[in-house]
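Shared between the two complexes below is chain A, which has chain B as its partner in the first and chain C in the second.
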Partner chain A sequence: MIKVEEVSKKYGGEAAVEGISFSLEKGKIYGFIGPNGSGKSTTLKMIAGLVFPASGSITVNGKKVERKIAKEVAYLSELDFFYPTFTVKDMIAFSATQFPDFNMDRANELLAFMKLDPKKKLKQLSKGNRGRLKLVLTLARTAPVLLLDEPFSGLDPMVRESIVKGLLSYIDFNEQTVVIATHEIDEIEMLLDEVIAIQNGQIVAVENVEELRESKGLSVLEWMKKIFA
Partner chain B sequence: MLAFKGLYLKDLKISKGNFLIGMGLLFLIVVFAYGLRGYFGEPLVPLIFFFAILVLHVLYLPVILFTSLQLEGQSQLWLHNPNGGIKLFLSKLGAALTYYSASLLATFLLLQFAISTTEISEDLYGMTEVLNNHLLLVIGGVTLTGIYISVWLLFYWTLYHSLKGIPFLSRIRWLVLLVVWIVISTVSNYLAETKVFEVIQEKGTVQLNIFSSQFVDMTGTVGQINLVSIALHVVTAIAVFLISVLLLERKVEV
Partner chain C sequence: MEDFQASKPIYMQIVDKISHQIVRGDIKPGEKLPSVREMAIKTGVNPNTIQRTYSEMERMEIVESRRGQGTFVTEVNEVIVDLKEKLQTDMIAAFVHNMKELGFTQEEMLKGLQNYIDREGGK
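For the complex of A and B:
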């Protein structure tokens, strides 16, 4: 379980998030939605222990978040960073040595699923294939928490589809808590249990997706348009 | 151990390109030195070049380490890792030391070859004794100094990236580093001039009889080793390394 309490974070005097509080339960898939610069990425980075809150507290499964929480949190970054001299295989091998929960069989399965050539150098991969590789590295872990920051950003529909299929096939829906930050909601709407809308560093709404559809007759996209109008 | 091995191999791969560039440069210097020797008919040229390169290796470790850190610093995503800062930094130091050792060995062998094939009749400004008998001591000094500089580099690098999180300092980070450097230098110079330090230093000095008097005259203090000074440098290096680790773990953000 993830607990975020009264968390604030500033960048250069500007508040990225301001006094946000929420809880995320085990075995659910959450969508963090909001426009660019709303505080989605900062929130995910704080849960991953990669950015430190100015105030407030964050715990993952009862443990105060610090850098080493990476043992329990798998984080997919929005950044397109890679080691230029590495091959796909090198990257997989490196991750396997760093994360005790990295499952090599699953990684190989995912590589085949995503049609990635293990011998290819990362600098030779297209942006789409690097996006696929990032997902392989994240989903090959059996960590209790998966944080995916803009997994579809700048990727074509074919890649997006393969990523969604990857999520559907490889997430452990009972054991893993998944948080997907995106402003492109179309692709993942069917996956989500709950949506959290963030704007100007504050949580403006939290909804259960099923209830949203049944009681309000709205899709997440329609709801999102209404919220951010 | 598996995690450290993985980090070490990763860091070796990251710096491989720079190592190869270094070896390429060394090769070009060999060609250049022997070219000059042939052109001017001066047999000592390769020997002087290779000795200079050997001493310049004091900067090899810091340069390799800095380029490796700069690559990580582009995103800081290397920090998404359950292993502590000690492992992250030690693997970088280890990988840099590996390439340093290979480059140093190549230079050492070149120098040995130049020494064995050159008739040294002149005194070479008091260096003859060093070249013939005490190269390993020079290598030891170069290596320890290189490690010491590298540890301080880790500190300034992490401090620079830590300051990113402080809004009013993030734009003047270089200036802050300069101020920190001046303060540290001033304090250490002040401490070095105190009477207490002088007394401790005198008591901890061990004379080395292996150097020729000329070499001692040239450098002033090379003929003696100060154990207190070495101990202080070791303690300082460990403290600076641990502070860097703390900064990396608690202040550097992605």
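For the complex of A and C:
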């Protein structure tokens, strides 16, 4: 589904990722974990076609990743990217013009699920509601790959829970592959199939989470503390 | 969302939880279990994990899946009686194991248990 092979990327002489390789299977939920500055965001941006690798190759469904991969990859940025004078409804309409796979019915259903008022201006939204809206915009797409960069960061427990529930309610489990980059593993521990650990631009380990619990008796958090020690 | 021990396999914890509900009668023989997605949302757990829970319970013959209809609790009374006995044996085994670790003899265990039930049993 997604293949990353020997990929490196530098920013101003400093390596962000160095020769990383891994592959992701269809229909699974991956946790992409690592400390700040480990290369998580850079890797996601490269899969989304927003940043280009200096060397190596990335393919999604056999296609080499370039800018146009946006049709097949929905990407939730860790940044706020909103126009403050837009209403929630404007933002939905705008996204619908940008992505052919944007499903309007699903977007409206998601807005109701997240209890967001379509008439509200974006500048009037709380941080939590901006976080919810970002997820609405991502989950309204039927793209086979969903990349979520720090979807929980800075949000309170109620909002985090609504995001987890939103994911479980609206992901197409048989068709969509989901990658969640985060350093807040507690929130998604129960949500994951596999976990990929990255540190200093290198992949440290890839594990099945139930396997970790079964054979090593470790939670993902405990395992993470061990390997990043 | 439900609480689980993050360091033990989640699918087994859910098997245990549902088994207890069946033995207590909170879930009745022949009752339909929530769909995989409903259960995933209710518990906050990965759907593949829920699928594995249901497969494991099917292997244990506690539930059966009917094509296109969902997963149902068995109506075979024998299976539920067996399950009840198994859960009882598991609990007793854990109790006995812990008591042994603390150095209690058989007589002390039985006496302690009897005393406890006499004192607290009605509550």
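In the analysis below, the second predicted complex is superposed on the first by the 229 of 229 C-alpha atoms of A that agree within 3 Å, B and C clash if a C-alpha of one lies under 4 Å from a C-alpha of the other, contacts with A are read in each partner's own complex, and residues count from 1 in each chain.
Here, contacts are C-beta pairs under 8 Å (C-beta built on N, C-alpha and C of every residue); 3 or more make two chains touch, one makes a residue touch a chain.
These numbers come from a predicted model, not from an experiment.
J.: Since both structures carry chain A, what do chain B and chain C do when superposed there: clash or fit?
T.: Fit.
J.: A:Gly217 in the overlay: touching chain B, chain C, both, or neither? Say first, second, both or neither.
T.: second
J.: Could you give the angle made at the Cα centre of chain A by the lines to the Cα centres of chain B and chain C, to the nearest 10°?
T.: It is 160 degrees after superposition, to the nearest 10.
J.: When the two structures are overlaid on chain A, which partner does A:Phe32 contact: first (chain B), second (chain C), both, or neither?
T.: In the superposed model, A:Phe32 contacts neither chain B nor chain C.
J.: Please indicate which partner A:Gly13 is in contact with in the superposed arrangement: first for chain B, second for chain C, both, or neither.
T.: first
J.: Now for A:Val164: first (chain B), second (chain C), both, or neither, which partner does it touch?
T.: Only chain C; A:Val164 stays clear of chain B.
J.: Examine A:Leu79 and indicate which partner it touches, taking first as chain B and second as chain C; both and neither are also allowed.
T.: first
J.: Of the partners chain B and chain C, which touch A:Phe99 in the superposed model: first, second, both, neither?
T.: first
J.: Touch check for A:Phe113: first (chain B), second (chain C), both, or neither?
T.: Touch status of A:Phe113: no partner.
J.: Is A:Phe152 touching the first partner chain B, the second partner chain C, both, or neither of them?
T.: Neither partner.
J.: Looking at chain A, which partner touches more of its residues: chain C or chain B?
T.: The partner that reaches more residues of chain A in the superposed model: B.
J.: After lining up the shared chain so the two structures overlap, which partner does A:Lys71 touch, if you call chain B first and chain C second: first, second, both or neither?
T.: Once the two structures are laid over each other on A, A:Lys71 reaches chain B alone.
J.: If you've got the overlay open, could you tell me the nearest Cα approach between chain B and chain C in whole angstrom?
T.: Nearest C-alpha atoms of the two chains are 28 Å apart.
J.: Show me the chain A residues, by the header's touch rule, that chain B contacts in one structure and chain C contacts in the other.
T.: none
J.: Where on chain A does chain B make contact in their complex?
T.: Within the complex, chain A contacts chain B at residues 10-13, 45, 48, 50-52, 66-68, 70-71, 75, 77, 79, 81, 83, 85-86, 90, 93-94, 96-100.
J.: Give every residue of chain C touching chain A within the complex, in rising order.
T.: 1, 4-11, 37, 40-41, 43-49, 52
J.: Per the contact definition, I'd like the list of chain B residues that touch chain A in the complex.
T.: Touch list, chain B to chain A: 2-3, 5-7, 9-10, 13-14, 16-17, 71, 74-77, 79-85, 165, 167, 170, 249-251, 253-254.
J.: Can you name the residues of chain A that touch chain C in the complex?
T.: 27-29, 161, 164-165, 168-169, 173, 189-193, 210, 213-214, 217-222
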